[in-house]
Amino acid sequence: MPAPRVPVELREFPEPDLPAGGALLRTALSEVCGTDVHLWHGRLSGVPYPIIPGHVTTGTLDKARGTLTDVQGNALAEGDRLAFFDVHRTCGKCLACTAHRTPTRCPSRRVYGITDSAADGLFGGWAQKVYLEPGVVVAKLPDRVTFEDYIGGGCGLLTSVHIIERAKIVLGDTVVVQGAGAVGMSAAALAKKSGAGLVIVIGGPQTRLDLALDMGADHAIDLDTTTAEERLARVMDLTSGLGAGVVIEAAGSPRAFEEGLLMARNGGAYVIAGHYTNTGNSTVNAHEHINRKHLDIRGCWGSEAGHFLRALQVLDRYRDEIPWHRVGARTYGLTEINEALKVAESLAIPKALVDPWR
Amino acid sequence: MPAPRVPVELREFPEPDLPAGGALLRTALSEVCGTDVHLWHGRLSGVPYPIIPGHVTTGTLDKARGTLTDVQGNALAEGDRLAFFDVHRTCGKCLACTAHRTPTRCPSRRVYGITDSAADGLFGGWAQKVYLEPGVVVAKLPDRVTFEDYIGGGCGLLTSVHIIERAKIVLGDTVVVQGAGAVGMSAAALAKKSGAGLVIVIGGPQTRLDLALDMGADHAIDLDTTTAEERLARVMDLTSGLGAGVVIEAAGSPRAFEEGLLMARNGGAYVIAGHYTNTGNSTVNAHEHINRKHLDIRGCWGSEAGHFLRALQVLDRYRDEIPWHRVGARTYGLTEINEALKVAESLAIPKALVDPWR
Amino acid sequence: MPAPRVPVELREFPEPDLPAGGALLRTALSEVCGTDVHLWHGRLSGVPYPIIPGHVTTGTLDKARGTLTDVQGNALAEGDRLAFFDVHRTCGKCLACTAHRTPTRCPSRRVYGITDSAADGLFGGWAQKVYLEPGVVVAKLPDRVTFEDYIGGGCGLLTSVHIIERAKIVLGDTVVVQGAGAVGMSAAALAKKSGAGLVIVIGGPQTRLDLALDMGADHAIDLDTTTAEERLARVMDLTSGLGAGVVIEAAGSPRAFEEGLLMARNGGAYVIAGHYTNTGNSTVNAHEHINRKHLDIRGCWGSEAGHFLRALQVLDRYRDEIPWHRVGARTYGLTEINEALKVAESLAIPKALVDPWR
Amino acid sequence: MPAPRVPVELREFPEPDLPAGGALLRTALSEVCGTDVHLWHGRLSGVPYPIIPGHVTTGTLDKARGTLTDVQGNALAEGDRLAFFDVHRTCGKCLACTAHRTPTRCPSRRVYGITDSAADGLFGGWAQKVYLEPGVVVAKLPDRVTFEDYIGGGCGLLTSVHIIERAKIVLGDTVVVQGAGAVGMSAAALAKKSGAGLVIVIGGPQTRLDLALDMGADHAIDLDTTTAEERLARVMDLTSGLGAGVVIEAAGSPRAFEEGLLMARNGGAYVIAGHYTNTGNSTVNAHEHINRKHLDIRGCWGSEAGHFLRALQVLDRYRDEIPWHRVGARTYGLTEINEALKVAESLAIPKALVDPWR
């Protein structure tokens, strides 16, 4: 991706010399996520174009200089099926990393496929091989978890593990998820698995809602065929007029934020997790929506290595029940990559995958 | 108070027949708080005018039918100096009271001086005697705590004990308090006593700020002589550019809410506790202010019996260090009550007190 | 139950005069739980024998004086299928009820079937009709939930809802449940529904373990055929040598407590919920088991009205997946009640039910 | 310290070649803490004797290879007064560091003065110069904080910041601190500064108790002149018979653990932070002490970089009110080091300091 708003180009890079502890991953699958569309639109600041996109990626260990190990110190072998945590650096020392316990806000944070220039190395999954920098958190895929499972979950699953941690769902809580993209679907699936009494997904189009229902949602409300008033009425109807104990915003729209404030019940929680770029302002009434409601609103940014490791456990446990492999709806080769971006931009399918060897 | 926007009248009521477990308090001091001004402005819905205002009140036990006891079962004697929790009914059974753990949102909640008609009895502290309904939470004032201490704290102190519980201050956190009224001053004082590294109060006029500094604030920013930009710059300057770990909104202004969102640091918390009436909308950017900041926003409504009991402990512990008695700046007799309301409306003094026997 | 260690007798009581707000329940099913065996053994102090046992009970509304309502204020009609919360009084005012947020430790707490003498009224579910005191928390059974479902869950389900709240399971945590009685089985089932990555139940006999597996446990370890070392080795084996993120003690044995301390991982949590009577001391090494492990140990006593209300939601949601009706293995009529107690004492079946009309 | 139980020897080491990012600290003061006595007694396993003891140390920057920066990226200059976090390595990747959020349980954790052999470099503060490995968390001492303040707080202060985080003190809670050593005194001081309603320290000898009172404790109970029954009675007397909301164990004795369980109130919390070595077993009754009490017991191991950074804020804020400089009672030169160890072993003074240049 040479720059925003221009076509992605194919470039060839020499295979890098590996430092001690470094490794190369042979890419099996990467994804086109919403962030990649934002990158293409130039909506993120400070991106050192040209970049190699693809922040969540899976494949096999191609080669390592020295012994590559997983987080428990087990040696990994060439050919092992691997996943790695896409945040490849946080400082571990700053106030955000330590006293504030919010490493996703570390000023030194670097993310594959986003913060590194193509000149710096193979830091993106749309390349056939990805450079695993020393210190990157690497894990073997559990035996039962396919590449398609993992990448179908992708960054949306990691984000969702974080969202669910922030949501603190108590047995029986009704959960509303705003958004039926990769984040919303995983959040709905995990909310159900975390004890939600009822999971309601709001989004569209209908094909995504059907998938959301298959992922575990109990009800789906079509954004395209309802008014805000109807959606609110539906949620109130499903919650005996109380509103939802937990609302999860995974839509990225200022209007969604305004709606969600109305849908949460007194003493409920509202996790804001879809606003990864600035899409405009919302109008909020601090009295009606927050103070009198005794509401908790919790922003949720990025994910941590722990969420990545838990995501693998989640995939291992639930892959038979939750069809993550269907989220990654279609796979594109490198020559089709601009088409993949356009499909992702159009939201026509839940997620486009990238197989750079195809 | 016969109705909104008309002068308060003096009326005489017969001394009530007490049911078993009921009691009468001889009022020593009550207060004119912001809510009383809102009541007078007709800004609260569902108020059964005429009412006897005065929700937080202290005095001596006049008489009881049967033995009145405190919460630990100790008998109270006539003449004992008492305080009581102004929320005299919550159901204890509804979802808000039980599963949701938010009794201040109980639909059956009733509050002295606000929710009961004068026709229902002496449910307000601007009366010379107040009816203590069976079941009301009653406590002896600790020996060292004067009527002036207690009523200087008043409802603002109870609210602040709840705010501090919600704020979860960690040792060393910088705390910004927006508002230098009775709530803001107590919140600032208790923030300092809860381990805040630095307490900054924003408000006015200067006399209130001086009192806030005497109550424990480290810095005071005058709302009247600064711009929003200057206030933000000051907070950033005092926090090494990070923003405050905790911001407490006790101002009740939509602009304050907007400012506070900018003042909180990444991963910080923002307690919204000043919006007891609807004063209009705020403009919020979910990306900039919440999602990317990984911010917690926590509405805080009313107070619970536990906050009342802790407030008494707080007064007992800190009354020598925190000059609550100075918050109640001037005391008015019943014939001066309309003057007291006007003074409270004008914010000229931190709090007007009422001595209905004067 | 006239006194400890003597046979339970059948007595007839006149139908009580109902006060305003009081009601009578026509018992459908009650249970013989572990507490009833403790009562029979005289292991609880302060019990005002003779008592009518049966603390968790379900049936139909026989008659009410005035309109009986559920917690949301909906009127209940004669013939409605009801459940009620067996804790019929807590004061709502003491430090335990308020400031300490632990109403199950209220000194005034009274529980059906345990704390009320038969002379005080029909306060136990082994009677054909149960007196619903004004103020008791009453709820309609959800349409899909049968009497057998509800009573199969019974007090063990309520306790388990509380346990799960205390356990704060995070997605992927391994959970070990010690004990395969009514509490242990429900705790295992709900742990799985709350996102546990793996649920291991330790107990016996094999029939109970089989039921525990059907309720949702992934692994069962037979207490009767293994040594403590073998059990620990098995748990370590299933957790990559780390130990369990959450251990739940629902066994009531000092040896179980000692074992559980070894099974919890560093930074894990251990909920102690099975020691409802004093069964002796445990030997604990504060260095090895707590301090160095950075372990959380959380006692869990009784349940609150909110847990009762959530239990009904849980039954409604999961009754098709979790066979609670099988926990109540056999139903006894009043003339068989001493036999039922002996069966319960022998632990031969998970739970004996009581149908006082049979 | 060549080996356990033999005298500490003076050895000379060449000044090390610094790698990029490495630095040398010119020691001003180090300490002899309880852990050093344990090291000398050989009570810690896996220690690679010979070692250079002294894990918490302060001094001036001697020289750096490249620019040494603090955690916010500010450059440090030669001669700057510095402190550094004694845990110089945790992996940041393992389950303990990430998913479990307990980095003090990281298997790769290394600590100055304890885990590194003298053959590996100058990793201990009893040396005149200390090697600051690249990646060590370094901070300037706040201007007002003297070397004596910092080292008087020392590792006990860091541990106490962690303890207070675990204790979650709510305004008005009574706090009992068991132990009047460096940890206990700092914990008592910080408990008071965190809103404790009453702080009671149990320990001895009287000189330490006097200092604890000066540090902020409200009451001190002398371990040497009281029986366990008297101590419990005293705590109950000071808490209206309820027991303490929070008990902090900083004594390291199995008997203290048993006593503390009795002193905590229903629904209270007990932080176990003094058992850094195995001093034997305690006898615990799970029914009486944990289950029925609905008690939280929280092990607390080590401290994190965030606690170190907060400790500096705490020193800056409170150094005028809390006389940490008096905890470091006497300073020893290198030739007196064996005497210092003996004094520390005897508990005759709160803490012995080491000035290796004296």
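Lettered A, B, C and D in written order, each chain numbered from 1.
Criterion: contacts are C-beta pairs under 8 Å (C-beta built on N, C-alpha and C of every residue); 3 or more make two chains touch, one makes a residue touch a chain.
Since we're looking at a predicted model, the values are computed, not measured.
Engineer: What's the overlap between the neighbours of chain C and those of chain D?
Structural biologist: Common contact partners of chain C and chain D, which must touch each of the two, are A, B.
Engineer: Contact counts by the stated rule: is the higher one at B-D or A-B?
Structural biologist: A-B
Engineer: Measure off the straight-line distance from the CA centroid of chain B to the CA centroid of chain D, and report it in whole Å.
Structural biologist: That pair's centroid distance is 40 Å.
Engineer: Indicate the whole-number Å distance between the mean C-alpha point of chain A and the mean C-alpha point of chain B.
Structural biologist: Their C-alpha centroids are separated by 43 Å.
Engineer: So which stretches of chain C touch two or more other chains?
Structural biologist: Residues 72, 95, 99-101, 170, 172, 310.
Engineer: Where on chain C is chain B touching in the complex?
Structural biologist: 71-73, 90-95, 97-101, 107, 135, 137, 304-307, 309-310
Engineer: Once bound in the complex, which stretches of chain C touch chain D?
Structural biologist: 95-96, 99-102, 104-105, 170, 172, 242, 245, 249, 254, 257, 265-268, 272-288, 290-301
Engineer: Quick check: in the complex, which residue numbers of chain C touch chain A?
Structural biologist: Touch residues, chain C against chain A: 72, 161, 164-165, 170-172, 190, 193-195, 197-198, 240, 310, 313-314, 316-317.
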